[in-house]
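Take a look at these structures.
Next come two complexes, and both contain chain A; in the first it sits with chain B, in the second with chain C.
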Partner chain A sequence: MAQTTDTVPAVEVPQDKTQMSQMLWQGGTIIALVALIVVFGILRPAAFLSFGNMTNILAQVAILTIIAAAQTVVMVTGHFDLSVGTTATLAGATASALMINGMPVSMAIVVGVLVGTLVGIVNGILVAYLGISAIVATLATMTTVGGLAFIVTDGTTLYGMPESFNWIGQTRLAGIPMPVFFALIVAAVIWVILRYTTVGRRWYAVGGNSEVARLSGVNVRLNVLLAFTVAGFASALGGIILVSRLSSASSTSANDYMMLAVAAAFLGMTLLKSGQANIGGTLVGVGIIGVLQNGLNIVGVNTYIQQVLTGIIIIAAVLMSSLKSKNA
Partner chain B sequence: MSTATADPVVPQAERLALRAEGISKHFEGVAALTEARLEVRPGEIHALLGENGAGKSTLIKVLTGVHQPDDGRIESAGEEVRFSGVRDAHHSGVVALYQETSIVPTISVAENILLGERTPSSGGLISWNRLYREARRQLDRLNQGHIPLRRLAGRLSPVQQTMVSVARALAADARVLILDEPTAALTDTEIRDLFAVLRALRADGVGIVYVSHRLEEVFELCDRVTIMRNGQTIVTRDVAEMTIDEVISTMVGRSAEDLFPERGTATDRVVLEVTGLHGNKVKDLSFSAHAGEVLGIGGLAGSGRSELMRLLAGDQRRTEGTIAVEGRELAGSRGVGRALEHGIALVPEERRSQGVSLGATIQDNIAIANLSRVSNAGWVSASGIARLAREGIADLRIKTRGPRQQVGLLSGGNQQKVVLAKMLARHPRVLLLDEPTRGIDVGTKAEIYRLIRALAAAGTTIIAVSSELPELIGLSDRILIMHEGRVSGEVPAAGADEELLLSYCYGRKA
Partner chain C sequence: MRTRLTITAGLLAAGLLALTGCSDDPNAAAGTGGAADDGVFKVAAFTAGYGTPGGKLTLDKFVEEGKAKGWDVTLYTSDFDYDKINSDMQSAITQGADVILAGFPDPRQIAPLVNAAEGAEIPIFSIDGGVEPNEDFVEDVTFDQDQLAELTVGALDEAMGGLQGKDVMVIGHDPHIGIMTRSNLAMDMLEEAGANIAGGEMKQALNPATSQEEALKFVTDFLQANPEGLDGVWVGWDHAALGAAQAISEAGRDDIYVTGVDALGVAVEEIKKDGPFYASVHQDWFSVVDRVVEDIEAYRADGTLPQENFVEVEGELIDRGNADDFTPSM
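Up next is the complex of A and B:
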């Protein structure tokens, strides 16, 4: 998992002006992000604010961005997907195993993505059509998929993927690591879907009140299934990019991203008065987690304490914005 | 809470249970209450009336410590009080009961009655014997000894839940009980039971503030009435001195006659043809409805009237029978989207849980049923969404800051207009209205009646379910009464007799 990270690129939460008047900003979470950057900037200006540090960590926050974006889609519909981490792991491991065994790189990637998408479809069917609560259903698939990852990797770490696979995770464009661009593309596409398409409208309507949506003619089940499917697809992309960046696929490589993705999406929900999940907010959440981990590393706080602090700061940011909305 | 010493000259017996005077309250610069007043005597049932937005709820919240007034004086049992929170009001004996939040469904009846500080305990352990004994005493006082103490409160009927919350208020030594629309979810028999309890409490010296939109209840139950309008108290009088028409005209500030618009828009052209319909609770139902007609559907709760609407709207599975709109039969056994495509639109019974998404904006609420109108090949047009919402706001005269206002912040009547706007934007051929004016103030009701008639005049077929017989008679051209899933009577609405309709409701065949 990413130990160091950095300021999220200039992805200021994208909202047009008219939208802003409707969705009152709850500033607490953004203040927290700015405050973290300022504090680390003052404590270790040379190390923290250097170009090298920025770019180095951008790559690590990139994977989290993709998986958190997947989580956001599901949370928009009012559900949860605890399996995004192990799904990413399984997709990366599957693609790696296949290419190590001689399958063409592009084919292996397609199969890996399909595997992740399939997990998403299973989640969607369990939740939307069989009526199992999302927490329970995805907890179960998380466990099962995690087990499948062990089977695919045989419990070891796979390496020796073809050179042509490495460009996905290891090359740079204009000095910026390639995964950053993939993350931006995934986030942008999901943002556009949520914001400008009928599918996105339906997802938000289902998340807002599924009964109202159903009585308005929305096929609620199909849309929930679709959201889980998209989440599985995006998680798989994240897992495959991670494997390329690391040049190896372990049986648990992306598992830890699940909790961080949930945390990022939660932090992002505090940005909207309506309390809905949204990509802009999720990116701010990813930024907070990234800056925190990177900053604490640079200041020299050990990993165990980092984990404790990460949890505390998430609670503080959420508290700040909920207090603010209470006073408003 | 700080208490000032009462005027020693006033004898105890003449003290009012609760007195509020000159109460003003602003929210973000907007006056919600301006010098409002309310007097509650011990041992009276006092109706508090007013349209939605008249300030009733705000006044109640001030009286129960939820809000603190900007100005004014509150006296509880003759002593000036300042409630800084609900607990202060409770300690002073002023308790409000709200329908939704009155009980904890997952614990027993007895625990509900003695919730919180009242739970008898010694050394941190609950004294179950004392708990049951005390809870039993409170229920007996209400003549509700038959309610099982150990049952989970969530498994009680709505009226029993209300009784339990009343018992809890009594256990907390309530002197003033404020009931906000307590009969909304109750059947007629249950309402009788509740009234009996309230009368017993009145005899016990409890001052009761009774908020309701059902004026018949007020005239049956209450001793005095205070009417509010625009945040001010207009009048307090004995109920016996007033007529229903006077009450209504005081509430709306104008005469209440012509609440219902003229009939005479119905044609002979059949639009909706239902044959042999079977489904959840509905048995072998056949009828047709015409262009320009308002067809009223009546019946007791559980008679299948709401289920009929759900079946027509495609939300429940039809096991047998056909539904045809202008000769085109609906395929499949269910599907809201399919019914909408055939021009059947439903304004559901429960506005807040089925009609609108409270957290979403007006424009998003309207757009969700009209995505094909505001999108092209799956791409949504933001300006199209806003335009559609502005049209709806203008057509229905929705009182709002604009299309981006959150629906949850609107009054009940305006929320209902949003639901109507959402469905009307589809230009339905058949508009199904399930309790279209439930919990809506008189002024907005009249507006909705006019709108319904205007739609009928434009050729829409309207099917309206209502549990209020005067509304059913005043609004409809023709009335079908349902009993146990079947039609038990059909009459023209003009000059229809309430007693006859009621006898159909109870299953006496025509």
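Up next is the complex of A and C:
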């Protein structure tokens, strides 16, 4: 006896609509950046869209790019580093203090970078080997390192570094400020590490699911330690470039970059379907912050309102990335 | 587990050693007038602005002079966190402070400690505690904000060849009462003299410690949008003025001038270069400290309180004419 089976007619899926909403969802951050450029371009076309202003925006976000890239590395492993700003401050202040006291520029820079790297190592040990929550551990180091910056600067503003040090932050190559090139180099190196190296893949594995990564043979602790170390190193570079840019080092000069770096990384996380941190997305996030601040200044918006808008963007970014994580 | 315990024990030991090393010398002088029953004259000093060059310099000098007098001086600081300051000072009062020294306080934010001091009948001496007499303080020695504004606006007037019709950006920081006062006074003076306020309103820096970069961005972006719309920048303190001057130099302009207040060493170096940084004002905080220390010493000796509770002193303009002869203290 032949058996017959009824088949349920397939429900027609509105594929075009789904793809469109997926694209909008996926590219929302890029669309926001383009929208900001269009809005400010319409409001003040001559001033905002000029080559000079585009260069200006790149210069203004260069240091944020470096510190946000540092934050991205840690966030790839599923952690946070709240100390990137104070680490940058301390590294810059240390290098400045040493230069003022007669140490050769190159040597002082190396020591400054080492100081930042050391902070990263301490963070890594606290989180990976002592099992302290990254937020608690880096909040503590943020406070300690902030205090050290006050000690190094003696609470005042350091100045009088050799003229040759200004080359890093104040010269231009083909009309583009040097910090922009340093930012591009740091971003490119981190992008290559994250995308094409074993260690980058391991960081993503740890950030995706540390237990699965461990069972797959990944040394989770070592990789988390390494990520924090890289973040300390990159933050130190950002702090030293900032000091060169301003020709002075204060006790809190780079502290405010931490929140903006977190915001940029969160904005960037919305670009990937998985909702993971990624350097390309972070650059888009940095672009949004830079364009917003520059555009609002050019339009003449009060700084307090700028602060409010930046906060709203952070909230929106966190909301979007958390929604994306749930949907992934 | 053992490693974690060892590291934790090490951190605790390091903390205890640091605390031991930082402890004050207990050999402090006894007083008669204002001293408490324990015979030690305890001064609890505070500032929320220890992160600023002026705040640190002044309070360090006060501690140094107070200890030289034999007082037991404890300095409480924060980064503009008045909640912490109020808590710290309430504890200090409970622990038997004889006098409070308020360094650069914001009178609007210290009500809890003022009430605690009143309750314990402890006098509060103040340095730069506002712009008008305040009954909360038995003495407040401060700089005349009107004179600071006059000097700096006058310097801009001189640099720009008059104020009538000129476009001047004003950069202030309202959370700091001194800067807020002189910034508003300067803005009024500029407008009365016929100058236009660039952007239509005062620019507000969010954080004095990062204000150099903030001012750099303000002026760079403004010049980008209005290349011919700026003749001068009046800034309420030197750190931000340095950023404004840097923006003007980077824009390749030599026809826009900047003034600041504080006469920081780095600012005086810029003034000497005959570039955009035209002038600043030196506030001799050491002489203010000397006066307050002498008045506290008089109180310690026999309980005498100052005759005046509000003393205004004047600043000195530092410009291209006298920058070479000036030795900065900050």
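Heads up, the rule we're going with is that the second predicted complex is superposed on the first by the 287 of 328 C-alpha atoms of A that agree within 3 Å, B and C clash if a C-alpha of one lies under 4 Å from a C-alpha of the other, contacts with A are read in each partner's own complex, and residues count from 1 in each chain.
Methods note: a residue touches a chain if its C-beta (ideal position, glycine included) is under 8 Å from a C-beta of that chain, and two chains touch if they have at least 3 such contacts.
It should be emphasised that the depicted structure is a prediction, and the values quoted were computed from it without experimental measurement.
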Could you check whether chain B and chain C clash or fit when both are placed on chain A?
fit
Regarding the shared-chain residue A:T252, is it in contact with chain B (first), chain C (second), both, or neither?
second
For A:V186, select first, second, both or neither according to whether it touches chain B, chain C, the two together, or no partner.
neither
Of the two partner chains, chain B (first) and chain C (second), which one does A:Y204 touch, if any: first, second, both, or neither?
first
Residue contacts on chain A - larger count, chain B or chain C
C
Which of chain B and chain C A:T157 touches, first, second, both or neither
second
Counting only touches as set out at the top, which of chain B and chain C does A:G275 meet: first, second, both, neither?
first
In the superposed arrangement, does A:Y196 touch chain B (first), chain C (second), both or neither?
first
Least Cα gap, in Å, left between chain B and chain C after the two complexes are fitted on chain A:
13
Residues of chain A contacting chain B in one complex and chain C in the other
none
Can you check the complex and tell me which residues of chain B touch chain A?
313, 315, 336-337, 340, 346, 348, 353-361, 364-365, 367-369, 371, 375, 378-380, 382, 404-406, 422
Give the list of chain A residues in touch with chain B in this complex.
18, 21-22, 196-202, 204-205, 208-209, 211-219, 273-276
Interfacial residue positions of chain C with respect to chain A in the complex
3-4, 7, 50-53, 55-57, 79, 199-201, 203-207, 209-210, 212-214, 216-218, 220-222, 224-226, 239, 242-243, 246, 250, 264-266, 269, 330
Given the complex, residues on chain A that touch chain C span 44, 47-48, 50, 52-53, 56, 60, 129-131, 150, 154-157, 159-160, 170, 242, 245-248, 250-253, 255-256, 293-294, 297-298, 300, 302-304, 307
